[in-house]
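Look for chain A in each of the two complexes below; its partner is chain B in the first and chain C in the second.
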Partner chain A sequence: MSELAIQTKDISMSYGDHVALDQLTLNIEYGEVFGFLGHNGAGKTTTVNILTTLLKPTHGKAWVCGFDVVSDSLNARRQIGYVPENVHLYEAMTAQENLRFLGQLSGVEDLQKTIDETLELLDCKDLANRRVGTFSKGQRQRIGLAQAILHRPKVLFLDEPASGLDPMGMKMLRDLIVKLNAELKMTIFMNTHLIGEVAKTCTSIGVLNQGKLVHKDTLKNVMDRFGDDETLERLYLSLNTQKVA
Partner chain B sequence: MFASRYIMTAALRANLRDQTVLLIAGLFIVLVLISAYLGWSATATVQDVYLKVVEAYAAKGQIAPPNPVPDTPPLGLLRNMATYVALIGALAGLVLGNKTVSGDRKSGVYALLASRPITSSGIALGKILAIIIAITGLLGVAALTNVITFMILPNFSLSADEWFRLAQFYIASDLYVISFGLLGAFFAITSRSEAKSLMIPVTIWLTVTFIIPQLTANVLPMAALNPLKAMAPAPSGAFFVFTQSVLTPISFAEAYRALAATLLDFAPPGFKFQSFISPMLTLMIVNGLLISAVVVAFGKMDASRSAYDD
Partner chain C sequence: MMISQLIAIAKKDIQDALRTRTIFIMTGFLLVASMVSIAVTHTAMGGRLPSDYSVLEAMRGFVEHLEIIGSALAILLGYRSAANERGHNTLALVMTRPIRQRVFLAGKVFASVVLICGCLTVVFVSISVEIMVLTGVGLSTLEVAKLAIGFASTGLYMTAFFLLGFLFALHLKHLSHALLTAFSIWLVFVLIAPQIGDTLDPDNQAVGGLFSQLSVPHAQEVEIMNKLGTYEVIRTGIEQLSPSKHFERLTFALWGIKGSYIGMPLSELLSAKIIDILWLLGYVLGLGGVLFKRQVNFTGD
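Now for the complex of A and B:
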């Protein structure tokens, strides 16, 4: 097994003249909760789209659990769970029907038992037989998370998971991320621009600015390096305006 | 293959819950039932009138003329079916094919499907199978209705050859409607706009059904609607000679109409379809090309931007 959960080497993505991602090189070890920070349009979602095999980079290579996301995309997909920014599910189906269908596609064995366990883990068994079309944003996010972890992936990608959630929903999500990392030993890659969430959940951070990685370190080192009196928010803003080695 | 089966099952389930699909499929079935009732009613009326005529002649001591009903080719009673299939059946197939794909794109689920361990051709196969099964089910109900009609109609017992030709007619109809289902699916995959994904195949359907047959002159302008006028001789003139020779081999609707007319005994005596490709082969080739196009389109689809713009 590869020592790295996620590895990218000089990946770039261009749309015509626009460079969305510029030679991104990134190494993330197993067990990390990695917060990927950046303003809107910095290239965070493009990075997740490449790592989840939805998009092919125009240049460079990327691996998830040692599997090339382009040439060995099916094996890479077996290792990952993915929660998009806006969780879309079949509105006319119940949560359980959605989970059953997506679980079947992931080849989950003993599916009903796994669905029950997952809903229990995410504390949302009461949603099982309700139609997804009736769900609030927070409830939808939970079922979105449930579908992503049904097959117990090694790496979980979350794209702006707290987007649109109220404070209660954000706290629940934060607790879930910590729980998934601790109990199911999942490596978590989280796109966000919410500094507070990063400080409370992540073990390492990367900062992306206009498609370029301008900083990557453990959260502890970042805090130590910039001093106790420096807020993480100021740090984020400063990192986005300078290149840090 | 297993993953394709799950895609297929989910697509069929979604179609069964889609009101637009149910409405247009229901309309097709209602028309089939009306057609069957009209066929039964017309034949029964002629039969009743004939029996009264026989009684009247007998009262006068005269011999009645022969009963005209047994001389009518029984399969010819289904000529309206060819029209319903070409019109509402093709439209139902088109909507069904479109909804089978657009539902996933509209709801944004496609990104989740594409992040699963299934290939794009696996997803395409599941969707294609769903379209084929749904349309075959729809045509199956129509076929069953016709079979029951023939079993209860007086004086109309089909020979083995006629039963075989009826089966061939439904195979041809199935292929014809499936091709429109695949056309609907293709544009649902390749269009950036949901509205365009339906408008473009509807325009193609109108062109194939009404415009090309006018240019080839294999059938007159009303032929797609009125089987009685079908397969009239082509008008003379250099333009029609040219368009006929160029467009007839690819005139898909006419291939179906010609096949239906031949199989159901409503083609004029001596009629020959003016193409070097047999109508059934045309239907098969079109379906093969469309299946390939759908598979390729799924492969080229950008899963990260799969939602429609509108």
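Now for the complex of A and C:
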């Protein structure tokens, strides 16, 4: 097994003349909860799209659990779970039907038992037989997480998971991230703007500005250096207002 | 694993079509149009259906409904199959699973072929019963076989148009452009090209045939037509491009609508129409080839 859960080497992504991601090199170890900070359009979602095999980088290489996301995408996909910014599910189907369908695609064994356990873990058994189209944002987020962890991936990608959630929803999400990391030993890669959430859940952070990684460190080092999450916010703002060479 | 994934995708799509009643609406529409056309033909002929040779002759209007309505419904089915995934951004959800793109596409195509066959089964069984009730004549084994071959040809024809709608809805940046483009092509190949082929035929310029009206001897007719060689190549070329024309030629021959094929043994008839069968197969294989070859953009960027 590879020593790194996620590794990228000089990955770039261009759309015509626009460079969305510029030679990103990143190493994330197993067990980390990595917070990827950056303003809108910094390239965070592009990074996640590449790591989840949805996009092919125009340059460079990336691996998830040692599997190349381009040349060995099927094996890479077996290692990952993905929750996009807006959780997209089949609206006309119930939560259980969505999970059953996606579980079948992932080749989950003993599917019904796994679905029950997952819904139990995320405390949303009551949603099982309701149509997804009727769910609130928070409920969708839970089922979105359920589908992403159904096959017990080693790495979980969350793209702006707290976007649009109320304070209760954000607390629930934070608790779930900590739980998944502690109980299921998942490495978590989380795109976010929310400094407070990063300070409460992450073990390491990276800051992306105009497609370039401008800072990466453990949260402990950052906090030791800057003291509190308010100062962390100042660090983030200063890094994001710098012109990238 | 690949087979179980394919079945899971097909099952999901079929359940979705049943749940949203799409397939019921499509079947109902085609069924009503077909049954009305048979009844109208029967009435127009003073209740004297069938002719001496084949009860299936009553299906001329039905063929035209399949050509026009069937192909339009198939485009809508294809568009819907891809637009549902793109519109709800569920492509990314599926494609972060360990599934190959071709298995995903095969599952969706398989589901739609099942839905098309289901729709056609209801329509073909209903019109067969209608013909037997109206004429009071049962269908012979040969007629049932001809109906079955016609059923398969219709399935092939509709699958080609399903693939057209599906391809555009899957690959064009804007979904609204996809439907517009697919229907523009439909307009050209289903309505315009066959008409051009017919209206530009020199012999079709007068009722009963131009040469016959002018009492032109056959040898002279051949001589005139030889002078129009290039023109005829272009005219038939336009006609050949239309899948509707091939479908029409095949079914008209099969069901005895075109008189020269009445009484012809089935094997001989199929040999005579092999070009039309190959064209229909070619459309499906060509469009299927493009579908499975092209990389799908799963993020919508």
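General observations
Following the convention adopted for this analysis, the second predicted complex is superposed on the first by the 236 of 245 C-alpha atoms of A that agree within 3 Å, B and C clash if a C-alpha of one lies under 4 Å from a C-alpha of the other, contacts with A are read in each partner's own complex, and residues count from 1 in each chain.
Please note the rule applied: a residue touches a chain if its C-beta (ideal position, glycine included) is under 8 Å from a C-beta of that chain, and two chains touch if they have at least 3 such contacts.
Treat the numbers as computed from the prediction; the structure is a model and nothing was measured.
On the superposed chain A, the two partners chain B and chain C do not both fit; they clash. Legend: residue contacts after superposition of the two complexes on their common chain; A:L74 is shown touching both chain B and chain C.
Of the two partner chains, neither chain B nor chain C is touched by A:T25.
Of the two partner chains placed by the overlay, neither chain B nor chain C lies in contact with A:N129.
By the touch criterion defined above, A:N221 lies against neither chain B nor chain C after alignment on the C-alpha atoms of chain A. Once the two complexes are overlaid on the shared chain, A:Y15 sits against chain C while remaining clear of chain B. Residues 49, 52-55, 74-75, 77-78, 80, 82, 84, 86, 88-93, 101-102, 104-107, 147 of chain A lie in contact with chain B in one complex and with chain C in the other. The touching residues of chain C, when paired with chain A in their complex, are 1, 4-5, 8-9, 12, 16, 19-20, 88-90, 92-100, 298-299, 301.
Here chain B touches chain A in the complex through residues 2-3, 6-7, 10, 13-14, 17, 103, 107-109, 111-119, 302-304, 307, going by the rule given at the top.
For chain A in complex with chain C, the residues that touch the partner chain are 15, 49, 52-55, 74-75, 77-78, 80-82, 84, 86, 88-93, 101-102, 104-107, 147. Partner chain B is touched in their complex by these residues of chain A: 45, 49, 52-55, 74-75, 77-78, 80, 82, 84, 86, 88-93, 101-102, 104-107, 147.
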